[in-house]
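By written order: A, B and C. Residues from 1 in each chain.
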Amino acid sequence: MRPGLNKLQTGWHALQRDRRSVVITWLALGLILACLPFLTELSLGRSWVRILDFTLLYIMLALGLNIVVGYAGLLDLGYIAFYAVGAYLYALLASPQFGLHWPVWAILPLGALVAGVFGVLLGAPTLKLRGDYLAIVTLGFGEIVRIFLNNLNTPYNITNGPQGISQIDPIQIGGIDLHQTQHLLTLTIPSTHLYYYLFLIFTLLIIFVSIRLQDSRIGRAWIAIREDEVAASAMGINTRNIKLLAFAMGASFGGISGGLFAGFQGFISPESFTLFESIIVLCMIVLGGMGNIAGVILGAILLTIFPEALRYLGEWQQLLLGRVWVDPNDLRLLIFGLALVLSMIFHPAGLLPSTRRARELHARRSILAQEQDSLYEQQR
Amino acid sequence: MNNSVESRDTSNPLLVVQEVNKSFGGLTALSRVSLQIQSNEIFGLIGPNGAGKTTLFNIITGLYSADGGEVNLAGQALLRCKPHVIVQHGLARTFQNIRLFANMTALENVMVGRHVRTHRGVVGAIMRNTSTRKEESAIRAQALQLLDEVDLATAAEHLAKHLSYGDQRRLEIARALATEPKLLALDEPAAGMNPSETLDLQQLLRKIRASGITILLIEHDMRLVMQLCDRIAVLDYGKKIAEGSPAHVQQHPLVIEAYLGGNLA
Amino acid sequence: MDIFSQQLINGLVLGSIYALIALGYTMVYGILGLINFAHGEITMFGAMVSLAILHALLLHTGLPTAMIFALALLGAIGFCMALGFSIERVAYRPLRNAPRLAPLITAIGMSIVLQNTAMLIWGKKFLSFPDIIPIQRYQIAGANITNLQVAIIVLAIVLMLGLWTLIQRSRLGRAMRATAQSPELAALMGINPNRIISATFMLGAALAAIAGIMVNAYYGPAHYTMGFMLGLKAFTAAVLGGIGNIAGAMLGGLVLGLIESFGAGYISQLSGGFMGSNYQSVFAFTVLIIILVFRPSGLLGERVGERV
């Protein structure tokens, strides 16, 4: 055994000694997460609990896209299509649209599966494409899905077109209707809180799966493909299958969160699944720190909460300037865009880059490095 | 070809390259190149810049497709196989302009090399059942073992891009060895190394051969090639102009001409 | 009326406009490897600024219409060049050596900022082009064509020929091509890459400004969101032709314009009445995907498949 191995082992022992503080940290975090909706309602009001619910949905989406972009390095600009597939599947199977009322436990796995199949369908023709070519094809795919949703009301009414589908069945679990306020002993739990807990469970599950995948043979293969596809195939990785797997896994996360979204909202329309949404989810993972689960979660939280916080711009103007000069709704996106620009300029690798430091796509730089190499070769 | 002296025993070739042709646009890169590499030898492939060495290398390892000819590894036809299938058949390679997974640690790089000899999929990864855990710890142990063999155990947790040039070269070899190759193909492994690193490399390659692995070596460092290789083939303008023992090749008039009084040791 | 020749003319007009915008994407990409997502917004600003100048001058001065139009055109071009220059300085230059996706995000951010700035300045209303171009209609091969359509096609061709000459013949063009090949080597040859990059952004912005005016004059009212879809289509055209390739952007623009136009004309027949013209984009994107599957680097793109 070399010193390096010994060092690794001492590191492991130190980690185990730290177990107790780790457990305490996790317990505290669990307690905070459990009380969060009530604390939020007390301090900011019920509408913020709804925002919390959406934050969790976006975390799931971002973690799904992170598998495709962050791990496998495949730039996907049409990711929201899988969210749409999951949402519409739920809406069609549990609403008066077709008179079907399937239970949620049947729809969600089916949604994950169907979205996964869509992921493979998208992935298959794009396997040979690199970088920006892939981006434009995925973007086109996302648009195609949205346009179909928008127009499949004639000649047969499937999606109800731009009007969308309403009166979607609320999510019911074990006879508990999450749209109804529930009472537990002396505790009154409103619907938004119930959904929070449900989404939290799914989010934790997806985080768990992400972590497990990241530290696995498959996760390493994804990252290897991202780092250097040629070298990966020269190491015996079947790049076609492993890429398709990334598309399918990422898409199935999107499908699940889409189903949850439909049940939560009770109403969906193609407007929720525009290219802009795909772009925002991409911004979440790049802003937070691609490939790093904690970073992606942070990005999703910031980009969901920040635009909502900007709704208070009117009050702040009143406070600071004496009157409302500009409609806060008109300023929100402007400031959001500025924030995106500034945060990337100051944190180009994301706010929380991966623990292995910059695990990002250094395409341009590596090309330069190769050019220098070949120059070097010529001089020799 | 006709100028080369037929070399020793050809009864048990591991790799047979037969009449391989390749042209890029109108440019002929390889014309009817044939070679045989015997089991457990160190075979050198040399030639001036642009002679077609790396092209041949890329054809054998499946990155380029050949215009004609045949390549067989232990009886398996390799042409028209995808690169990853060729690795499965037992041929691993390194790259002339090092292609490590730059943002992965040295250990992870080698662990990726184990991919082709391991099997657990998504379900195993998520459930982390006994067989997956076993496989994973075996991958880790084997990777550490290999890092140790190339003297990189202390750098296991360093990112590949932060390693020195020589270390990166050796890491690439360890990563290739992790695929359990029958034939290890090295594209200029000594490029950019200082003399003492080159000496270490020489020992490492001997050690690898001693463990039963055949080596195909492209190299510019003539001293290394002449000291290390059992047999050498020389390419010039896409044609094989000589093949045989180092001593034979060094005396060969065509070779001397090709190198034009170059620094042939 | 002959549908085929009519759609051919419509497609050529649309394609010319796409091509002008696509050139901006492809030139920037060729040099920086960056998708300038804000480029569509520059097109929108071209339309908006020219409108503002037109309205102001028409209302407050008695200058001849042609002169006012020329002033509006020049004003929009100048403004957009300044805008392109500033965007590069502010949002892209600090990220020159950053991870590849970082400038993509600042580009998206810039696009959002520009769109909303335009909304604050010009509001959310649709702004139509003043009635200063007397439209004349001609009949050619059973199709209607207007003098405006002819003007757009001719102007686009002139601009593209001009750009081609500039890039192939002029000092600036040579420097641009050298920088696209290798910024480091170009710098060693005494070329200042920063100046070349700025010039590229300004050149692309000028073409986008003209395209913006064309869109406004021909297709209808300007709106602060108009740049997004235009930019997207033009980017698609650039990729279709082979991104980074000047001739590719021109070809890609024309092909995409024709695909969309014929798609709109024939999609209903092709799908047995199932799909109407609202599936125009589906048709365009599907063709794009099919083309890229068979030519992964676009129509005129470099084949990278065999380079290791």
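What we mean here is this: a residue touches a chain if its C-beta (ideal position, glycine included) is under 8 Å from a C-beta of that chain, and two chains touch if they have at least 3 such contacts.
Please read these numbers as outputs of a predicted model, since none were measured by experiment.
Distance from subunit B peaks, on a Cα-centroid basis, for C.
Overall, the chain located most centrally, as judged by its C-alpha mean against the mean of all protein C-alpha atoms, is A. Distance between chain centres (mean CA atoms), subunit A to subunit B: 42 Å. Remark: subunit B and subunit C have CA centroids separated by 48 Å (rounded to whole angstrom).
Work out the mean CA point of subunit A and of subunit C, and you get 32 Å between them. In subunit B, the residues that reach two or more other chains under the touch definition are 63.
Contact with two or more other chains is made by residues 308 of subunit C.
In subunit A, the positions touching at least two other chains are 230, 358, 360, 362.
For subunit C in complex with subunit A, the residues that touch the partner chain are 29, 33, 35, 90-91, 94-95, 97-106, 108-113, 115-117, 119-120, 182, 184, 232, 235-236, 239, 243, 273-276, 278-279, 281-282, 285-286, 288-289, 292-293, 296-298, 304-305, 308.
Those residues of subunit A lying in contact with subunit B across their complex are 2-5, 7-8, 209, 212-213, 216-221, 223-224, 227-228, 230-239, 245, 249, 356-360, 362, 366, 370, 373-374, 376-377, 380. For subunit B in complex with subunit A, the touching residues are 49, 61, 63, 82-84, 87-88, 92-93, 95-97, 99-105, 108, 111-118, 120-122, 124-126, 128, 132, 135-136, 139, 144, 147-148, 153-157, 159, 175-176, 179, 191-192, 220.
Across the complex, subunit A meets subunit C through its residues 69, 75, 125-126, 128-133, 135-137, 139-141, 143-144, 147-148, 150-151, 154-155, 230, 275, 279, 282-283, 286-287, 290, 326, 330-331, 333-334, 336-341, 344-345, 348-349, 358, 360-365, 367-368, 371-372.
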